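What follows is a set of structures for review.
You will see chain A twice below: alongside chain B first, and alongside chain C after that.
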Partner chain A sequence: MLEPSLDLYGATFDKVDVVLSDLLVKSHARYALIVDRTGFVLMHQRAVWAPKPPSLDSLATLIASNYSANAAIAKLFGEDGFRETVQQGTDVGTYLEELGDKALLVTVFDASAPLGKVKLFTKKAVEQIRFLLEGVDEPRPTFEPDQAWSDDTGALLDGLFTERTHP
Partner chain B sequence: MSTINFSAREINFKIVYYGPGLSGKTTNLKQIYDHVPGESKGEMVSLQTEDERTLFFDFLPLDLGKVNGFKTRFHLYTVPGQVFYNSSRRLILRGVDGVVFVADSAPNRLRANAESLRNLRENLEEYNLRLGEVPYVLQVNKRDLPDAVPMEMIRQVLDPSGKVGAFEAVAAEFKGVVEPLKAVSKLVLEKLAQKT
Partner chain C sequence: MLEPSLDLYGATFDKVDVVLSDLLVKSHARYALIVDRTGFVLMHQRAVWAPKPPSLDSLATLIASNYSANAAIAKLFGEDGFRETVQQGTDVGTYLEELGDKALLVTVFDASAPLGKVKLFTKKAVEQIRFLLEGVDEPRPTFEPDQAWSDDTGALLDGLFTERTHP
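Our next item is the complex of A and B:
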């Protein structure tokens, strides 16, 4: 089945995008990302002043696997999960909140953003996004992966290595 | 589980390379990374110990290009093969769409292959998945070893029914690396197409 991890499309997507931009302005964080728990980026925002982020695919995968490792640690002690996931380095830190049971909201901040603000506005953003997702009334777009799609994608797969193996 | 991102117009799949420790899973990903042209791949991430053993996973994102306006992306993962890293292996199987089982042809690893396959079945059960339902192929690696166990014997142990696609490989020399990746990916695509 081909389903989205979250119903982020159309007007909801635009509204969530505003929530993320707002979060960055109010907390003075660098980036805000929504990733699903299998490690795919769902959407992201970057503050206008922030330096170019590292590979978002790498970031999302590490965030999702770090989250699941932490959840497994919590479980070892009979906890449902850890309430707060903050990582702080000398210059950069990350703060994570769960977004339902399929996704995570992560804020990446530096020394210019007070942790208290980051936490506060990330928590608020999560509430707003949850509210928006609950209120989705647009019909979900559809995509039918039929045989022709499978064949065409398979052909792309066949071409994946060609450039280098036959220079 | 394959997912679609309507706003980014992406269809996403997760393929996991599974198998006993040192069978060549990481080597597969490195070789794929080395042989896929730049625009079709992302950075490779490896979480490993100082002696280059996989501690948590290796990760490589591939981008196939667009069909019908949607980009198809495959995320490839390896698991740590050593027995004691089972909780990491289980975590990596979350959301898996297809599995390449990398078996080792060394005679003294025959039992490790079988145990790893059993472990795969058990861990899939945690996600209510059965190996028969998950697209799955077998790569029999290290065929260059002078004392490599005959294919027939390995198949008898790992796939007595003979139904699973099996590929001989020397992953370290990029032989038999592309075929199992393509085969499992096509099974994943076919499975999705048949459901609709």
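Our next item is the complex of A and C:
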């Protein structure tokens, strides 16, 4: 089964969330996403003023597959991959930077954000997130079904499978 | 059959060739290519000091297919495609700009070329090439087999199919 390759949870998740919000405020970008290289959205933030984003799952899948395709071009020149990619359309642009060897940080901006600022603050955010991920010694959350969970589930199943009593 | 979608020949070809050489000198980029969106190399230039490039046909095919894939991301944001794309690896980078709706101008540069210069002179080259292509009223070259061609081909075929006389 495909699974996200980077685990973000607990206090680290909250800290990275703050870094993304901060990036949006400082760069005036629309959205910031952390995308797994297999195509999952790991985290995302949207600026308060930004329009509703398109499907982030579609975006993450396209970004991850294009990243791999572009790595093929980089390999022609003896590079492992392209560290950063900027794409500019008439109004909307994307800036993508590698976040370790498993994920990508993607900033989506429009004409209201100067590209220089987007690059600068995305680079800073990448550094901060890398630092946060390196320091993770938090135990991975585990799921331990207790008596209350067991009772609740039993009751739910009984409700589903008990014969209906007609009035 | 797949055919290049842009015709470059005669005086226009020579003029565009000069624009590409000029781009390389001014920006200190390694290679400049005009790539058809279906994946053909239409023209290319290499700086005299640049190392031997990788297979340009492979490069053109990858660039054209990635351009289309990236257009899918642009469409999510209501754009037709990304006008320009910059990709930077550790040493080598590519800068890609749309050249009309059929071709792309790709500049490949390394750490010795400042990105600002690469962008500036690629943009100027795009403008010049667009202008040159708009003014094309040269007739498309045609192939008219004449008597000499007919005689030569006849002799060639005779040579190929005549029985070998053993000495």
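Assume the second predicted complex is superposed on the first by the 137 of 167 C-alpha atoms of A that agree within 3 Å, B and C clash if a C-alpha of one lies under 4 Å from a C-alpha of the other, contacts with A are read in each partner's own complex, and residues count from 1 in each chain.
Simple rule for what comes next: a residue touches a chain if its C-beta (ideal position, glycine included) is under 8 Å from a C-beta of that chain, and two chains touch if they have at least 3 such contacts.
Being a predicted model, the structure only gives us computed values, none of them experimental.
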item	value
First, second, both or neither for A:S21, with chain B first and chain C second	neither
Contacts of A:S68 with chain B and chain C, given as first, second, both or neither	first
First, second, both or neither for A:W149, with chain B first and chain C second	first
Residues of chain A touched, compared between chain B and chain C (which is higher)	B
Chain B versus chain C as contact partner of A:E84, first or second or both or neither	second
Chain B versus chain C as contact partner of A:Q128, first or second or both or neither	neither
Partner chain(s) touched by A:S58 [first = chain B, second = chain C, both, neither]	both
Partner chain in contact with A:L8 - chain B first, chain C second, else both or neither	first
Touched partner set for A:V108, first chain B, second chain C, both or neither	second
Chain C-contacting residues of chain A that also contact chain B	55, 58, 62, 65, 69, 72
Complex interface listing, chain A residues touching chain B	1-5, 8-10, 13, 36-43, 55, 57-58, 61-62, 65, 68-69, 72, 140-141, 143-147, 149-150, 152-154, 156-158, 160-161, 163-165
Touching residues (chain side chain B, partner chain A) in the complex	1-8, 10-12, 14, 35-37, 40, 42-43, 45, 56-57, 59, 61-62, 64-65, 67-68, 70, 72-73, 75, 87-88, 91-92, 94-95, 178, 182, 185-186, 189-190, 192-193, 195-196
Chain A-facing residues of chain C, complex	54-55, 58-59, 62-63, 65-66, 69-70, 72-74, 76-94, 108
